[in-house]
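Labels for the chains are A, B, C and D, by order of writing; each one numbers its residues from 1.
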Amino acid sequence: MRGLAFDVAHLLAGSLVLVSFMQLYQDRLSALINTFALHALVLALSVAWQAYIQDAPHLYLTAALALVFKAIIIPVALQRIIVRLGIHREIEKVVGVGITMLFGMGLVALSMVLMLRVTAEADPLAREDLAFALAVVLLGLLMMVTRRNAVSQVVGFMSLENGLVLAATGAKGMPLVVEISVAFSILIAFIVIGIFLFRIRERFDTIDVGALDRFRGERT
Amino acid sequence: MNFDAITAILLIPLAAAALLAVLPGYRITARLNVFAALLTCLAALTLLFGRPQAGAYFHVDDLNNVFILLTTFVGFTTSVFSASYIGHELESGRLTPTFLRFYHAMYQLLMFAMNLALVANNIGLMWVAVELATLTTVLMVGIYRTHEALEAAWKYFILGSVGIALALFGTIMVYMAARPVIGEGLDAMVWTVLVQRAGEFDPALLNLAFVFLLLGYGTKVGLAPLHAWLPDAHAEGPTPISAVLSGLLLNVALYALLRFKMLLAGNPGALSPGPLMVTMGLVSLVFASFMLYRRRDIKRMFAYSSIEHMGIITFAFGMGGPLANFAGLLHMGMHSLTKSAIFFAVGHIAHVKGTQKIADMGGLTETNPVLGWGLVLGVVAIAGLPPLGIFMSEFLVVSSTFAREPLLAIPLVFGILLALGALFLRVNSIAFGEPRGPTMASNASYVPMFTHLAIVFLAGVYLPGPLVTWLQNVAKLLG
Amino acid sequence: MALLLLLYCIAALFAAGVLGIAIARRSFGRVFVYATSLIISIITLCSAVSVLLGIAAPSSLRLPLGLPWIGANFTIDPLSAFFLAVVALGSAAASLFALGYGRHEEMPERVLPAYPLFLAAMQLVVLAADAFSFLLAWEFMSLTSWALVIAHHRVRENMYAGYVYLVMASFGTLALLLAFGLLAGAGGAYGFEAIRAASPSGELAALVLILVLVGAGSKSGLVPLHAWLPLAHPAAPSHVSALMSGVMTKVAVYGFVRIVFDLLGPPMWWWSVVVLVLAGVTCVLGVLYALMQHDLKRLLAYHTVENIGIIFIGLGLALAFKAYDMRVAAALALTAALLHVLNHSLFKSLLFFGSGAVLGATGERDMEHLGGLIHRMPQTAFAFLVGCVAISALPPLNGFVSEWLTFQAILLSPDLPSWGLKILVPAVGALLALSAALAAACFVKAFGVTFLGRPRTAPAEAATETDHFSRAAMFLFAGLCLMVGILPGLFIDALAPVADRLAGARLPVQSTIDWLSLVPIAESRSSYNGLLVFLFIAFSGSLAAFVIHRLASDRLRRAPAWDCGYPQASPATQYTASSFAQPIRRVFGTVVFHAREHGEMPPPGDMRPARLVVELRDLIWDAFYAPVASGVTFAAERLNRLQFLTIRQYLSLVFSALVLLLLVLATWT
Amino acid sequence: MDLALDLAVQSAQMLLVLALAPLLTGFVRKVKARLLRRQGPPLLQPYRDLIRLMRKEVIVAESASWLFRVIPYLIFAATWVAAALVPTFRTGLLFSWTADLIAIIALLGSARFFLALAGLDVGTSFGGIGSSREVMIASLAEPAMLMIVFTLALIAGSTQLSTMAGFMVSPAVGLRVSLGLALIALIIVAIAENARIPVDNPATHLELTMVHEAMVLEYSGRHLALIDLTAELKLLLYISLIACLFAPWGIADKTAGGLALTLGALIYAGKLAAGGVLLALFETAIAKMRVFRVPEFLGAALMLGLLGTLLLFVSRSF
């Protein structure tokens, strides 16, 4: 049972990293958003599994939150936004896929190395989990950096935050996990609403963040 | 829990926020705002006489007591300033009554968040509080709804959120490090417990955690290269918020950082956090000093000077040791007071001149002597000239550093001199020379500004004994 | 209890300054502030002198101010008493002068509050006995004087001058701060007593010396740190210029002496080499710069640079002798330097008063627009003439005495064991002689062009004698110049305790020598008697006059000057300041200033007159200051791009910082 | 008794120098004239000139100030005092300790300072040209002179003329490079200081080439007489300075009796004559140089003086 529990958790966490890579690979927004939904789904599963093996019922709440909010509501919302903006099949990258992937590999390796320095007596589950979570976080950040479009940056941020939730749930018996995940969901809601805001008031004709420069101060 | 000072400084702002959110009318709300801030300040003062013992969620020790007093006091004076400021905004129509209500509510909410972050004994709770503070300020920065304001808010928001995320990751890792030692559950996040047993934690995890915390909370502190949000947020938001941001929020974030630094210091196996902080401090200092030269917007300029001073403070705490820590604490307090005073002045100046562009200001000491000399005095203070408080702290930092690490003192001195040059280059053109630009009458109250400057001056020449011993204890605490 | 009284005086000055803010605009404001400063300065002077003469005992005091665990310590010992006396004397005269001169002030509200604070700050520096109080007073002195420099803030040049001044001053203060950091050590023992107790080791002490040289040098105007001085000193109101040039630079010298001779422990011989070289260069360059000026006050400011060089030559010699434990010689050199401190404060203040009187009477600082003032302002002219003779180191006035003593000290150099110094010191002596001769040339120009000849402009034509307060101040100092010149023995004896304390020996008592002549070491070696020289000249001069008027003729006829057949040549045909300096410019300027002169011929048909254009370049500015300025501008320009990145780029900054730190962590063991 | 004698000697010297000065100038003129196969003015001509000028009324320019009238007496007094302190025929004069060599030079310096001011006082361009060139020359001559003083003072270990003269006759001196250099430098300086050819020509009145004469162009009558007398005194002073420093033989010392004194006086007269002849020879042999060659001329003197000082440390080690 112990071994199985470990393997499944390991599997789920690993697949989360994999999905992160898939996200990096996507270059169309709609596809990207779908991949993110998958990302959220896997997260929900892994959280649920953690809830099961730690028999910590409150974690189910987090899982449900992840499932409903991130895997369904947000993607749908984003899809509608990009459709309304007519950028759903826009290809926007700063760096080529190949390089991004390579860099991502490097990040994963880095996080592994860092985690292996941790003494093994911290139980392996948490340790591996944390390694993957770190990888996911870094990949999410990488995504935010390599994408020019606000929507994909939001997606990147959310996958980063998924990594956090993974880590938090992996941390056995950590208090406030639910609160934190709720707080983050609110944060994300803010961001999405922010995008809506920019869209609704006809100020920024595209929400490409690069366009914001026109309004940066001191440019004369 | 029984009603004590902590509850007071948390509940008063919260209740006030709720109340202000619904109350209409500028006069009442402004008054109420001031009143609530005053009450909070008084409640904080009672902490000097009796402190409730540490609970699982809240605690007060020498360290955060300093910060609480500072925060509540500056919060109060700023609310006084904001009363006169916001009135003008309302007349000039930059703010609508609804937004005004929202503004006051947010102000109190911010106060609550900061107090919470300060008294929190639980690192998770502290994180939540800092996040809350960030969000409220984001909303206030964007309150004018101009392109620039929204853009600044958006930038602040995104960078802030990333910072928050990193900080959370660090917090989680601290928990992971603590759990094997302390055991699962709440205790592993209670700071007082953590610091006692920090020695047994897994060093590698702690290091990793600190890196994330440094970057996460460092974003809020505004250390280069994480500073990007700070100048625009200061420049585009309402001036009271700039004052609170520079004077308080940065300190709160730094306070959080210090807490974790103490954890690491308690662990022999972990890397010493000093070098990291020293490096980031110096980078911020020199970078900000250079950035000061090209500024055209007066508020953005002083925002950069805040970065510079945060650099100095971080450097001081990074150096450690009784002298440097003492200097760091002193500098922190002096900087909050001075910088907020400067922003008070700047707010009025912006009203008088109807612009924030330095190019459109000139000869202020002639057109508005009180305001002009107030600004000059503030700049003199912030540039570290005697006989004001920052001179003392910079004296201690520089001299003690040069005695210990001569090579580190060189860039420090260089940065300080550079900043002084830039600041006076600008203040010369603002306060002296032929009067430039329009001049409207200002019905501002200069009381808050000069109160701060008076305190800074006093501290520069005379520090009361109890305060000194207190700060020295804190300095010891910081190791 | 002299010290307590002094501190009360300082407190009173502070009060006067604060009160000055309120009453500056009132009619009695000026009188109140300056009269208070005058009275307080006199009290300070008396108590300082009493300590110097040993009537009141040296004492220390600790106030619960400043750095909490050290407090604000104040001490008055012979050294600080001497400098305090110089400060107080200068302040008193300046206040007296300002009682009248202040009438010309159009912005009293910017001068009156800062003035007493400036005085108080200078006195505090001299009394401070711990690093914090010292630096606080030091920097406060810069700050208040800055406020005075930019008093007339509508003039662009003044703002620029103030800016350069403030930056340079803070630069110096930071250097001193570092020096004290070294002296105090990581423990932060900032008290002078503690520092004295723990005298630092060799190279550490050397580092301190360099830092102090930078710190005190930048305040006193050692080349190449002098750039601010000729900008700032003329910009201030004249009585403040007098204080800055005559007194504040001396406070800087005090800082140097206090740290290097008192706190730093035994010197090494090569320290003196550094000091001597800098000093020699300073005095020659200073006077050469001065010769090129035709702005009266700026010319005087550059002469301050020169005289600081002379003082530092004395100090350098004292260091050299002290390093080899040649006590008497060290005492001689130190006494020479300190006496020159007093002398320079006397005649430089006097000269600035004179220029102030001229400025008040004509509104002109440019000598090319003056001339013939001796007819309209005879008393001012006389006082100014005395100052000119004194600063040109001509007997029987005081400037000569101190330079003569310096020469005597130089003549002791063969006894130095180190060959480097044997060779160097006479060379420095040559520089000193050169600068003395050039100074004489320069003041022939200054006095001749300003006061002699025929008025060149209408304002000079319409000038009237200045008020009696100003004249009183000027004649007071003129008298003192003469007194120090003819009775130097008394002052040298007063300096004996200082020399005793710092050099470990004292000169023979002078006041007991018959005819009150001055014998530094032995009469067979060298002696000088200003009194007799003065009397002889007076006697033989009047004798000649008497005899000639009696036996020959005393008839006199006024007639137009010999005009070579060109009747009524206009005053413009007189020699101007620049044409007077032209031969010297051709001799020295081509090297030092890359001076180029070329005639500007307008094309045929153009009615413009042909002009002679002279181009001078300030090599020191080009070499030291311009690069720094352009470097900072360049860096600021480049870094400024970071203000205009997109959010994504900012994120990537954060991201790269994170990755970097993680990599560090991964590689860290 | 002793004091009285000293006093007598001192005043005797003062009168002597005053009396001899015009004679020396006349002598030099005479010798020059003879060298040029001219008859030349009689030896006593300078006295006649002085007396004539004294009698004349003074014409002062309208723009001249009180300073203009005081200065002649002032510079005369300063120069006379200086001359009175140089040992001529007897060392250890009563007041010799009043001013050492440096002070004497400084006294001459003050005289020049005021003369230059006088040049500027009337406000014509001649005076200006004269003064500006005079101070330019002085600004090089004085340091050179001080370097010479350094050399001698470092050798003699004193700046007191009596002591130096005493040391110079003593066998301790020996023959030194430095002394030679110093002598040459001193001669150059003396020529410059006394406005002789090749630096300046006392005889000419071609404005653009002259220095000293241009400066005093506005002076007349007794003032001019005093200035001329001062110039003659100065010449005498320099020659006797050279004599007392480099040819101190025969100078009577403090203890000497009447015979020795008279002997010293005669020897002194001889020295003056020799100096005059040499000067005349030199002046006839050489041509006046352009004004801006003068700095090089004097710069050479300065260099020689400095070199002499530095060489001391080499040549001393015998």
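By definition in this document, contacts are C-beta pairs under 8 Å (C-beta built on N, C-alpha and C of every residue); 3 or more make two chains touch, one makes a residue touch a chain.
Bear in mind the structure is a predicted one, so any value in this text is a computation, not a measurement.
*Asks:* What's the overlap between the neighbours of chain A and those of chain C?
*Replies:* B
*Asks:* Could you quickly compare A-B and C-D and let me know which has more C-beta contacts?
*Replies:* Result: the pair with more contacts is C-D.
*Asks:* Between chain B and chain D, what distance separates the C-alpha centroids? Give it in angstrom.
*Replies:* 78
*Asks:* What is the distance, in whole Å, between the centres of chain A and chain B, each centre taken as the mean of its C-alpha atoms?
*Replies:* Centre separation, chain A to chain B: 31 Å.
*Asks:* So the centre of each chain is just the mean of its C-alpha atoms; given that, what is the distance between chain C and chain D in Å?
*Replies:* The computed centroid separation for chain C versus chain D comes out at 35 Å.
*Asks:* Hey, how far is the Cα centre of chain A from the one of chain D, in Å?
*Replies:* 100
*Asks:* Enumerate the residues of chain B that touch no fewer than two other chains.
*Replies:* 154-155, 158, 162, 208, 231, 294
*Asks:* Counting only residues that touch at least 2 other chains, which ones in chain A make the list?
*Replies:* Correct list: 114, 117, 141, 144, 153, 209, 212, 216, 218.
*Asks:* Residues of chain C that contact two or more other chains, please.
*Replies:* Each of 643, 647, 651, 654, 658, 662, 665 in chain C touches at least two other chains.
*Asks:* Using the touch definition from the top, list the residues of chain D that touch chain C in their complex.
*Replies:* Where chain D meets chain C, its residues are 51, 54-67, 69, 73-74, 76-78, 80-81, 84, 95, 97-100, 102-103, 106-107, 109-110, 112-113, 116-117, 119-129, 131-133, 135-136, 138-143, 146-147, 150, 153-154, 157-160, 163, 217-218, 221-222, 225-226, 291-292, 295, 302, 305-306, 309-310, 312-313.
*Asks:* Quick check on the complex: what are the chain B residues that touch chain A?
*Replies:* 122, 124-125, 127-128, 131, 135, 147-148, 150-152, 154-155, 157-158, 161-162, 164-165, 168-169, 172-173, 175-177, 179-180, 184-186, 188-189, 202, 204-205, 208, 231-232, 235-236, 294-297, 300
*Asks:* Under the stated contact criterion, what part of chain B meets chain C in this complex?
*Replies:* 154-155, 158-159, 162-163, 166, 207-208, 211-212, 214-215, 219, 225-226, 228-229, 231, 271, 276, 287, 290-291, 293-294, 321, 323, 363, 365, 380, 383, 385-387, 391-392, 395-396, 398-404, 406, 409, 413, 416-418, 420-421, 424-425, 428, 432-434, 461-463, 465, 468
*Asks:* Can you list the chain C residues touching chain B in their complex?
*Replies:* Touch residues, chain C against chain B: 64-69, 131-132, 135-137, 139-140, 143, 150, 153-154, 156, 159, 162-163, 166-167, 170-171, 174, 177-178, 180-182, 184-186, 188, 190, 632-633, 635-637, 639-640, 642-643, 645, 647, 650-651, 653-654, 657-658, 661-662, 665, 668.
*Asks:* Could you pull out which chain A residues touch chain B in their complex?
*Replies:* Chain A reaches chain B through residues 114, 117-119, 121-123, 126, 130, 133-134, 137, 141, 144, 153, 157, 160-161, 163-164, 167-168, 171-176, 179-180, 183-184, 187, 190-191, 194, 197-198, 203, 209, 212, 214-218, 220.
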